[in-house]
Every structure is written in structure tokens, then in C-alpha cells.
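This is the structure, below, for whatever I ask next.
Per-chain residue numbering starts at 1, and chain names A, B and C are given in the order in which the chains are listed.
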Amino acid sequence: MIPDLPADRLTDYLRRMLVIRRFEEGLIELAGEYAVGHFHVYIGQEATGVPALAQLEPGDVGFTTHRNHGHLLARGTDPAAMFAEILGKETGTNRGKGGTLHIASLENGFPTTSAATGGCTPLATGAAFAFSRLGRDRVSVCLFGDGALEEGTFHESINIAALESLPVIYLCENNSLEALGQKANEYPSSTMAAAPLTDLAAAFKVPTITVDGTDTGAVHDAMATAVGRARGGGGPTFIEALTVRWPGSRPIWPQLLTGPTDLSYAWDPSAIPADYAVWHAEQDGLLRYVRELLSAGVLTPDEALAMDEQVKDRIERGVRFALDSPYPPVASALESVYA
Amino acid sequence: MTRTRPLTDLEILARMWLIRAFEEKVSELYAAGKVAGLIHLGIGQEGSAVGTCAALGRSDYVFGTHRSHAHAIAKGADLRRLMAEIAGRSTGYCKGKGGSMHISAPEVGFVTATGVVAGNIPLALGAALTSVTRNEDRVSVAFFGDGAGQSGPFHESLNMAALWKLPVVLVCENNGYVEFSPLSAHTVVERLADYASVYSIPAVTVDGGDVLAVRDAVTEAVDRARGGGGPSFVEVLTHRLRGHYEGDPARYRTLSEREEWKRKDPVARFARHLAESGVPPESLDDVEAAARTRVAVAAEQALADPPADPAGVTGDVYV
Amino acid sequence: MAARIRYIEAVRQGLQSSMRSDPSVIVLGEDVRYGGPFGATKGLADEFGKGRILDTPISEATVMGMATGAAATGLRPIVEIMFVDFATLAMDQLVNHAAKLGFMTGGLLRVPLTVRVQGGVSGRFGAHHSQSLEAWFLHTPGLKVVAPAFPGDAARLLEVAIADDNPVVYMEHRGLYWTKGEVTGNEPASGSVVRRRGDHVTIVSYSRMVHHALAAADTLAADGIGCEVIDLRWLAPLDLEPAVASLRRTGRAVVAHEAVTTGGVGAEVVARLQAARGIRTRAPIARVGAPFAPVGAAPELEDAFVPGSGDIVGAVRGLLGEAPPRTDGQKGGRT
């Protein structure tokens, strides 16, 4: 379903999703030619990240994990600066010091990315603690995958959040739905005896919501409920958003197995290729959202394509900017160790 | 595994009295300056220690905590070597290197104890893994307090024990206080057994003042573990009648609370139960007297033993 | 002639031979059945079964504790921590239990545990996947620490580590995984070794830095400067006898490692060398290591951070009076 929002907000959500999709596709191509460190892409989870994060207000913060690009872009981080960071350039979000695994954008509410699984749960809880103690009407969003629940720090964090009624939202993006059907040489997914995962939070008496992570409207509503609770002093919420892992994210290094996304798949099923047809037809939340916007009359195919062209152009310019940018001065390797 | 003969009721009472007498002796020696260190006593928690260990065989593993004199005695540790360890004597179980918080009596299956809250739970899982890997039917028990429930390794361990169906019994001695604070200051969760059900681990909460109830609950868990049914969680509601450590005046506890728990004293309660079921009062008194005598002798011998040898300060760092 | 194989294959070989000879050896780690990200355990699950190659959740603290408990009760576990950076999550169990149980029980227990970690700077992985944390382990009584530089040692010393009744942290360098070398099985089990003879300067190093030291020695040889290169191999216990013997002859030494110089292994080595009997240095012993900073992810920053053969060459020339030696704990040879 589509969120109950004005048309301009609905199309804004789509634009943000397209920015993420084209960014990640561009990055995979770029990686073939220019060595960047090991990275993880957000393709297939846009319909979770955008409705969840684009509704936050300035001053709200998010703490994210190794699959972070989509989160940062959803809140408006400049793709050019992110490309530059991933390539280790002076113009990057972290002046080249972080790389893909540690992108930060304070002005867009992302103090840091922690590449240690579960590393962001205490950080996000701590930010919520600060908001609570400072009397600020802000929320903190903790973004992580199902694997983070295997770390003890999650349990330590949510216990304190529940105890102190902290304004924190734990958004677990569980992309392991297809784990059982894995083939050899693919990474296994989480190793967890608890099912459903929401039971882990419910044990601490924290309200939980399970949502289809490809359903933009459902994610929007779940997040709105959680944000409302947090701002109203009602404490934490745990949301589990279920998605299917994009086939191109199954190999250790992402590959464009499904090809560059063709928006016409949304309105012309005959255009969908036989390879990964189920992905394009049923599992891709972005295409689902396009279909929903079309059927609601919010958008025409031509408008969608025009928007996509604008986004692609922006991404291309971002890539060029990053490639043309200088590397940071060597002396900066020793700067910022201390405040 | 060689099955151990189940303890009789009088033997259970005797173990409880041994613990009570031992702990009171430690308290007395500490007050007199004859024992140093950071001492956590198990007075009031005898029902949990003895009830649990009465369900175990000698070769089953037990992993203790900072408050584990009781667990070691319940598992059958030698009183003199135990007291010698606490008193820093060379004849102690660990040559004085462990002290009160790091008891080890492997010959009776008491593997080790830890000063790190929840630190022993993964260790107990490891022993259970040994048992599975070697195809033995030893069961592993971890004792821990309610404070462990807020610690990450506790939750990680629940997951892994469930995932790997390990023969481990997690015995939570919930005495309602985490050091100097009530549990409610540390978590909104009242029953730690609730965590276990998240991982589909069978869990039960029992009254730690009732030693036989504890024994029966743990027996069921042990049988499940030996039968390949994986882990169990036994939450024992108990109370320490002393402070967090010797020297802690425990001002955080109300008088009425103290009085209530004195009435629930598991040792006196079990003695009453036996008297009511026809055991002559003089035999019950004899059990207490015998325990106090054994402890007095053990303490006297231990204190007469030579102190830990300073030459050993760097010994045993490596095998 | 022995076959030349890759370092990562040598690690796998060490695991395999140990598991074949001792059924109590098991492996615990994330995705180890799959082979891990670098293939160190590839194929082992097929040979030894899932009962001995155990995939764990991402729960480093508990996995380390479990392995310690299993070691104390009769198994010989190997824990794989995917990146040494994440050993931080397991430090409580490693430092407070594995390292101390033997001592704290007065020898009643022993903990034959091997912890395999890989680390070091390689591949622009950023500050959470590039560290060299050996000094943390070295500082803990009860732990042994080994850091092989060549495939032969990688295989042999892993077998030795697994057979040891003490907890051993076995440190692999990711940047060495695809380097090749001979595996003879005759590599010495303990102590340090002299990798190259020379009369003018002694270079003491370990892990990947040994390769940089050898490259530096080549460069300097062209100018008639003879460098003796010592590969420590074991950091705990630390064997400095060959280094001391060498320093007695040369009177000059550089201690080089990739880890941050400050508080590093080099500080310990320098202090012990200075205090050794019969040492009269002609110049203060120099240290080469990383600067006091986390590593930046950008290629330029990573390259500026990680010390290499050029830094060692600079330090040697400094000792010989060609430029003032750096002894301030900063990375040598660069300004």
C-alpha cells in the first residue's frame, strides 16, 4: 500500500528510492573498475529505509550498520560525497577516513556507521539517553540486520532502553527470508534460535511491530507509530521489517545479477526477463511501490521514467565528482586522532 | 557415567548445615581479621545450592560465581582445602591463587568460579559441548544471579545453548538484589525465566526456600539434558541473609524484608519439615552439631596450614 | 623440494593435520563450514563433519567463553575470530578466563585453546578491519602469542599452537594470505630465527613486516650495508637470544612492526635488548611502526599510515648517521 501522504511526499519517497537504487548500481559498476574496500549494497530494501527514515525530523539521529548506503541516502546525504568517501577522496563525507563501512553525515543525522555487527545498538541507545536527559524532543533510530541480535550488546541495550523509557527505535531489517534456499558458496544468514525475532524485544516488554519491508505504506505507518511513541515519552519500539535478500547481495562481492533496474517492469510484465523473474515481479519493493503509485494515479509511467533519468544524471555526476576529486593530503592521516 | 546414589533427606540437611556452618565460620574469621579479601557468602541460599547439586552426579560439571562457597560444598568439595583457599593457604585448592571468588574443585566436578558476572555461563556451555563431542552423558550446570540477566553473554548463551541443544542447566539464583540495588533498578523484567522461553528453552521458577522443590526441578532438567533434550532454565527465588559481601551493612534492605526471609530460612525450614514428618528432634540437632564440628576442625587445620608460597607468584602462568 | 603453497593454504593445512591427529580438536567460528571469508576452513566440514566444524552466531564473547570451558574440560578448541578487531568483544573471556584459569586454580585446570585471528592493513578496509592488536594480548600473562610471516611457519606453528596446553593467540596477516612459500614440516617449533645474515645493522621484526625488512635489506645491500633480519615468530614467549647475539656484533638495531609504535611490541623488545648482557649500542635502538592514529580508509591515508620497507631503510640510514634517527615513537623514515 502507499502511505497516507500528499502526492508530493509520495513522489519524493520514490525519488529517494531511485537515488539509492541507482547509487548502488553505479557503485557496483564502479567497483569493477576502481578498487574500493569491501562494501554492501541496499538494493531490495529501499521500501524499508526510505519510508522509515525520510519521515524523521532534523535533529533526529540514526546509527547504521555495514549495509548503510541506503539509510544515509534516504535522509538526503549527497550521493557525490558518499561516492567520494567510498573512493577515499578528500571530498568524501569523512574526508576519506571512513570509507564505505564508516560513512557519517552529521547534518543528515548520521553520527556514524559501525562496521562491527551490533556495534550501533549501544550508540543509538546512548543518543536516546542523551535526548532524554537533555529534554530534547528527538528520537534515535538504531538500524541493523538480523545478525546483530546475536550480539549480547543488543540485549544489554534494549534492557536499558526499556528501563529508562528511552526514545529509541530498533529497526531490524531481516533480509534472511530466503536463507533456507541458499546455494553453496553463499553466506549463511543469522544463527538464531529465537523465532520470531520480535520475541527478543518483547521479553523486555518493549512493543514490537512486524512489517513487510517491501510495503512502503506499512513501513511508513509502523515507523510513524514508533516515532509517535518515542516523542510522547512512551519509550522504545522494536520493528522487524522482512525483506528477501537481493540475489546480487548473495555473493561476497555484490554483483548486478538482476541487471540494472528497468522501471518498465512495473507496468509491462512482458518486459520482465526470465532470469530472476520472481524478484522483479514480486520481491523488489521499489518496483512494487512504482506499481502502487501508478494504480493510485499518483504518477504516470512517463513521469516515473523522467524522474529516473534525473536521478541517473545526478548519480553520474556524483561518480564523476568522486573520480575527479583529489585524495586527502597525506598529513591528514595523523589529524583528528584527538579532539 | 556412574550414577551417584541419591542423597537421603538427612544427607541433604547435613549439606545445608555444612554450608551454613562454613559460611558463618568464614564470616567470623573475616571479622577477626584471619581471612582477607572480598568475601560473598551464600547464607540463605543453601536450598538452591544443595537442591541443585542433589540432582547431579559427581562427574557432572558445575560452574560457579563470586558467591560459590555453597555450590562447591554442595558438590562435595573438601572443606579443609576450601577453607585453606579462602584463607590464602598453600594447601588450598588453588594454592591460594584463586581465593574466595575463584574456587576450583575439579575432582568433584566443580570446575571453576568467576568474578565476572555471567562470565561462567559460556564456560558451562563449553563443558556441555565437551560432553556432546565426546559422547558422554555429563550435564553442565551454571549458577548465576539475577544481575547476570542484564549481561550480553547471558543472552548469547541462551541462544547458543538452544541452537546446539547443549546438555546444560542454567540455574538462576534470583535473590532480588543486584549488588546493592533491587533488580527493578536494573530491568523491567521480573522473572529471568521469561527470557528462556524466547529461545524455546523449557523454564521453571521455583521457591529456593524449598530444597526438595529445587532438587525436583533440577532433576527434571538434568533428565532432559541427558536424554538429548537440550538446555533448561531453572530460576530459583532465593535470598541472601548477609550483605552483598562481608562488610556490606545492606542498609538498602528493609527490616520487614529481613524478617520475612529469616522466617523462610531454607535450612530451618527443611529441618522443620523433617521434624514434622517424624524425624526425632535430637537427630536433627545431631546433624547440625556434626556439621559445625566438621567445619571447626577443617577451619582449624586450614588456618594452621602454611600461607601461600611467595615463590609461586609466577608459577602456573603457563602449563 | 617441498611444495610452495599460499599462506592461507598453509593455515588450512595446519588445521587439517591437527584435526586428523587429534579427535579432540574442534573449530568454532562464524561461517567456518562455508570456509570463512578467506577460505581458511574450506573443505574441513566435509572431512571432519559438522560436529567438529561449528558455525557460531555472531557472539564473540560467548563463543570465546564456550571454547574456554570446552578446553578446560578436555577438548582442544580453535576459535576463529573473523577479524582481530572483533576480538575486543571477546576480551573478557580471553583475558579473565582463558588466560587466568590455569593460574587461578593453581594448575588444576589447563586451557588448550587456540584463537585464530587475522588482521593488519590490507585492502582499504578501514579502521574496524585493519588493526594489529598483538600488544593487547602480549600484555596478558597466561596467553601465548604467535605471528608467523611465512607459509612454512603458518602451518607448523599452528600445529604447535593447537598442541600447546596453554591458550595461544595465533595471528595471521591478511596481506600475507596469497603469498607463497615452502612448507617442509621441519620449521623450528619455538623461538625466533635469523632470516638473513648481515654485519652492520640488526632488524628485528615479525609477521608481514619481516618481508618489508628483507626488502629493505636488499635495498641497503646495494649500498654495501649489511642487515641481519630476525623474525621473532613468537611474541610470547619472546625469544631475543638471536637478536641479542646479532646486536652484540652490529651495535645497531631497528625494531619494526606494523602495529602502532606507541606501547607496541617494539617497546618491549627495545627495553629487553637494552638491558641484555654485553650490549653496547652505537646509536639508540630505533623503532619503526605505525603512527599513533587509527587507519584511514582512503588509499592515500592507508598508504601513509602503514609502515613499509622504505621506513625501515630510512631508520637504518638514520642509525648509520645518514640522517638523525627518529626515536620519538613516530613512524620512522618519513616526515
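We take it that a contact is a pair of C-beta atoms (placed from the backbone, for glycine too) under 8 Å apart; a residue touches a chain by one contact, two chains touch by 3 or more.
Model, not experiment: these values are computed from the prediction.
Ranked by distance of CA centroids from chain B, the top chain is A. Chains joined by the most contact pairs: B-C.
Look at where the CA atoms of chain A average out and do the same for chain C: the two points lie 37 Å apart.
With centres taken as mean Cα positions, chain C sits 41 Å from chain B. Per-chain CA centroids place chain A at a distance of 47 Å from chain B. Multi-chain contact residues of chain A (touching two or more other chains): 150-152, 191-192. Shown for chain C are the residues in touch with two or more other chains, namely 56-57, 59, 61-62. Shared interface positions of chain B, defined as residues touching 2 or more other chains, are 152-153, 156, 159-160, 163. Only residues 35-38, 85, 87-89, 92, 94, 96-102, 114-119, 147-148, 150-152, 185, 187-188, 190-192, 252, 327-328, 330, 332-334, 337 of chain A touch chain C when the two sit together in their complex. Of all residues in chain A, those touching chain B in their complex are 150-156, 159, 162-163, 191-194, 199-200, 202-205. Listed in rising order, the residues of chain C touching chain A in the complex are 31, 33-34, 37, 55-62, 85-86, 89, 123-129, 291-294, 296-302, 304-305. Chain contact summary for the complex, chain B toward chain C: residues 61, 63, 92-98, 102, 104, 106, 111-112, 114-116, 119, 121-127, 129-134, 140, 152-153, 156-157, 159-160, 163-164, 312, 315-319.
Those residues of chain C that touch chain B in the complex are listed here as 24, 26, 51-52, 54, 56-57, 59, 61-75, 77, 92-93, 96-97, 101-110, 141-142, 144, 165-166.
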